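In what comes next, subunit A is part of two complexes: it sits with subunit B in the first one and with subunit C in the second one.
Up next, the complex of A and B:
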């Protein structure tokens, strides 16, 4: 029983990491219609930067902030490459993000080498019902809760959040009312970079990362984000938690090597379910 | 309000507008008619800044708002959100004054725009443009796909806005008779060129215009 509880709690924390990654995907897709394949790269860059900053003597907090800041810049640069030219279709932009992700491998290897790196997170653990849970896991859960609450408020309550949504809903209509669609798209990419960065600095102490960690991360992030059709943060959070707990249970009672398959099967099942359920609607074009 | 001189707009090598001129004075109701592909939408898109002219001049004084063909509402957002974003450029985005003018919008305010009927959507599209408090409202296809009764209602509201607030109107409509009834003056565009202009009553008496756009010569009422 205590094993089960410990798997669930750890799974929730890991799931929050997936959900944070998914929130960046959702933000970018909701505003630009682009599926951003470079999303997990932001997490990797942030994690590696934070590690280096700690190594250089920066205190905790400042080092993680530096990691997130670099991820914001990476997001902005990815946005410039993907949607910086007016008239780029989301499909072309998707391919650009794939290219940016691969280009980033070269940059990451040049700076940090190809070996996995990690750093210590919050030390110590908390006893819950006879189960010890690390403070770092609780930190991940707390930050994820705060980020999702802030995102939900931003998109649902502020005019700026609604203007961001309007850009993907009808870019032509958005331009007619005076919304600068290009600027909003770049803001979305920067925000997406920051969210990916937050995921990266929180997850790195739990599992060492290297340049190619982005594949496992993006698969899990997608599986979570697809729950809300890549547009809604709430279901993405639920998807991330579900995935995290399912993978922790499989790893605990079965074989840890099958974790990624869980994500893939879940993603496939949701996509098929959505495709069957949603009627095909012809989109109006300009 | 709007002064367009010798405007040339190209899509690649195709010329959509070929030295087009047009004026809309303060508080004036102007119709723009012509067959499909004449360049009417290109002209209003250029006035809105969506397209860049190759040459010619555009002078606009006061605020312009544009109701596009196909409405282009934000389907994922509510009616109220659509209206608020209509005032994106301004500080005051509260749509209460519009609800006073147009109670039907107040009833629909919590509905998602994509769930509305065509007539309701057009009402929201006009409302969203009005939120910018325009001095000139440009409407691209007011009546397309709408029931006659809905069109009559919308036309009456536009007339009231013109009367009460002195708002000018540049109206494009496939239904030239509606455009002529609503407006004082009209321009006829064909293949990207000005081919006729003048007071609507005069244009309606021209045999060419009557045949091409009004379904035959208009009988004089004596």
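Up next, the complex of A and C:
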């Protein structure tokens, strides 16, 4: 039983990482219509930066903030490449973000090399009912909860958040009422970069990351985001948690080698199920 | 270009590529072979992306299926020719089976789905003992036809040339046929194509299988050429590289796929040679090749969205008129 509980907690923490990544994908997609392939790159860059900052003697907290700040800048640059040029369709933008992801490989290898890196998170653990829970797991879960609450408030209650949503539902209408769509798109990318960065600095202590960790991360993040049709953060959170727990249980009771397959098959099943239910005509009204 | 000049250009191209293996040294010959194999894959991918309007980020999976099919059959004592024939068939069959559910998706959903498909297949190959696990298949025998042994790089260069020529001819005939026109129609609008009586689903599946078959054929030759395949031979980046080459050359044109493949491969090779000189840090070659892929991809998508070859053709037309 205590095994089961620790697997679930472990899975929840990892799932929160996926959900944070997914929230970045969702933020960018709902505002710009672009699926950002470079989303997991933000996490990798933030994690590696935080590690280097810690190595250079920065205290915890400041180092993580530095990582997230770099991720915000990476998000802004990605946004400039993907939507900065007028007339780039979301399909072209997807390919551009793919290119940005590969470009980041070059930069990451030049700076950090190609070996996986990690850094220590919060030390120690909390004893609850005979189960030891690492503080780092609780930190991940707590931060994710706070971020999702803040996101929900931001989109529902603030003018800026509503303007972002307006761009998503009707860019032309948004321009008519005086919203600068390009600026909103760049804000969305910067926000997405920050969310990816938060995921990166939280997850790196749990599992070492290297430049090419982004493939596994983006697939899991996309799988979580797809639950909400790439537009709603709530289902993305649920999806991330579900994935994290399912993978942790498979790794715990079965074969760790099969844990990504679970995520992938689940993602395929959900996408195909959704596609079968949505008629083609709806998707072509561009 | 008139029909005659096009024929002449084609003849010269064929003659030059046929003569090349005679003058290349062994290092250059292996680049020639790998370039040819890559071109076989990208011609198919260009049809899939340009005519069926579908992005595949998992094309290397079919390359891998072909390579494993050929390798496994050869290692179990089947004649290499059977393996070479079975490689494209197995890849096409896999695409037919996987395509039924996958092709219900489109756009970025299909891109992620094909990526996921490749990751799942890699993971399976990694864990199955009969597929050699993560070590892969070793000691795959040479290709042979009766008593004729293909044991030199030169012979593989010609096998590759013949395979590429066959693939180009097939693709050209498909594009110029009635189904080819139907494919162009469905790339523009599936709904319009469907209402004009085109069996959209069946045609998309056929192109998917055809492009997979091409990739499988290339994979089969690759397995015999190197004599060794492992899951590590077919990374996601290989699939991404194919997409880069197709996009750079120009979607939906055979010549675009060939030009894009040649340009990207040769550029990466050139930078690799610069990067492996003495006194240069060891990480430089990989950094340079990633940078080339990325910069080319971004620049072409943003500034030459139809690709280099179609852009050059329309430039010429404008100069002519």
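The rule is short, and it goes like this: the second predicted complex is superposed on the first by the 278 of 286 C-alpha atoms of A that agree within 3 Å, B and C clash if a C-alpha of one lies under 4 Å from a C-alpha of the other, contacts with A are read in each partner's own complex, and residues count from 1 in each chain.
Convention: a residue touches a chain if its C-beta (ideal position, glycine included) is under 8 Å from a C-beta of that chain, and two chains touch if they have at least 3 such contacts.
Remember, predicted model here, so these are calculated numbers, not experimental data.
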Quick check on the subunit A-based superposition: subunit B and subunit C, clash or fit?
fit
Is A:170 touching anything from subunit B or subunit C once the two structures are fitted on A? First, second, both or neither.
first
If you tally the residues of subunit A touched by each partner, is the higher count for subunit B or for subunit C?
C
Here the angle between the directions from the C-alpha centre of subunit A to those of subunit B and subunit C, rounded in steps of 10 degrees, is 90
Subunit B versus subunit C as contact partner of A:179, first or second or both or neither:
first
Identify the partner contact of A:159: answer first if only subunit B is touched, second if only subunit C is, both if each is, neither if none is.
first
Partner chain in contact with A:215 - subunit B first, subunit C second, else both or neither:
second
Taking the superposed arrangement, what is the smallest distance in Å from a C-alpha atom of subunit B to one of subunit C?
14
Footprint intersection on subunit A (subunit B / subunit C) at 284
Show which residues of subunit C lie in contact with subunit A when the two form their complex.
55, 101-102, 104-109, 111-113, 115-117, 119-120, 123-124, 126-127, 189-191, 194, 236-237, 240, 243-244, 247, 283, 286-288, 290-291, 293-295, 297-298, 301-302, 305
State the interface residues of subunit A toward subunit B in the complex, per the touch definition above.
159, 162-163, 165-166, 169-170, 172-179, 231, 284, 286
If you look only at subunit B, which of its residues touch subunit A in the complex?
48, 50, 66, 68, 70-77, 81, 84-86, 88-89, 93, 128, 132
Give every residue of subunit A touching subunit C within the complex, in rising order.
35, 81, 85, 88, 90-92, 94-96, 98-103, 105-106, 109-110, 113-114, 215, 219, 222, 226, 255, 257-258, 260-261, 264-265, 267-268, 271-272, 275-276, 280-281, 283-284
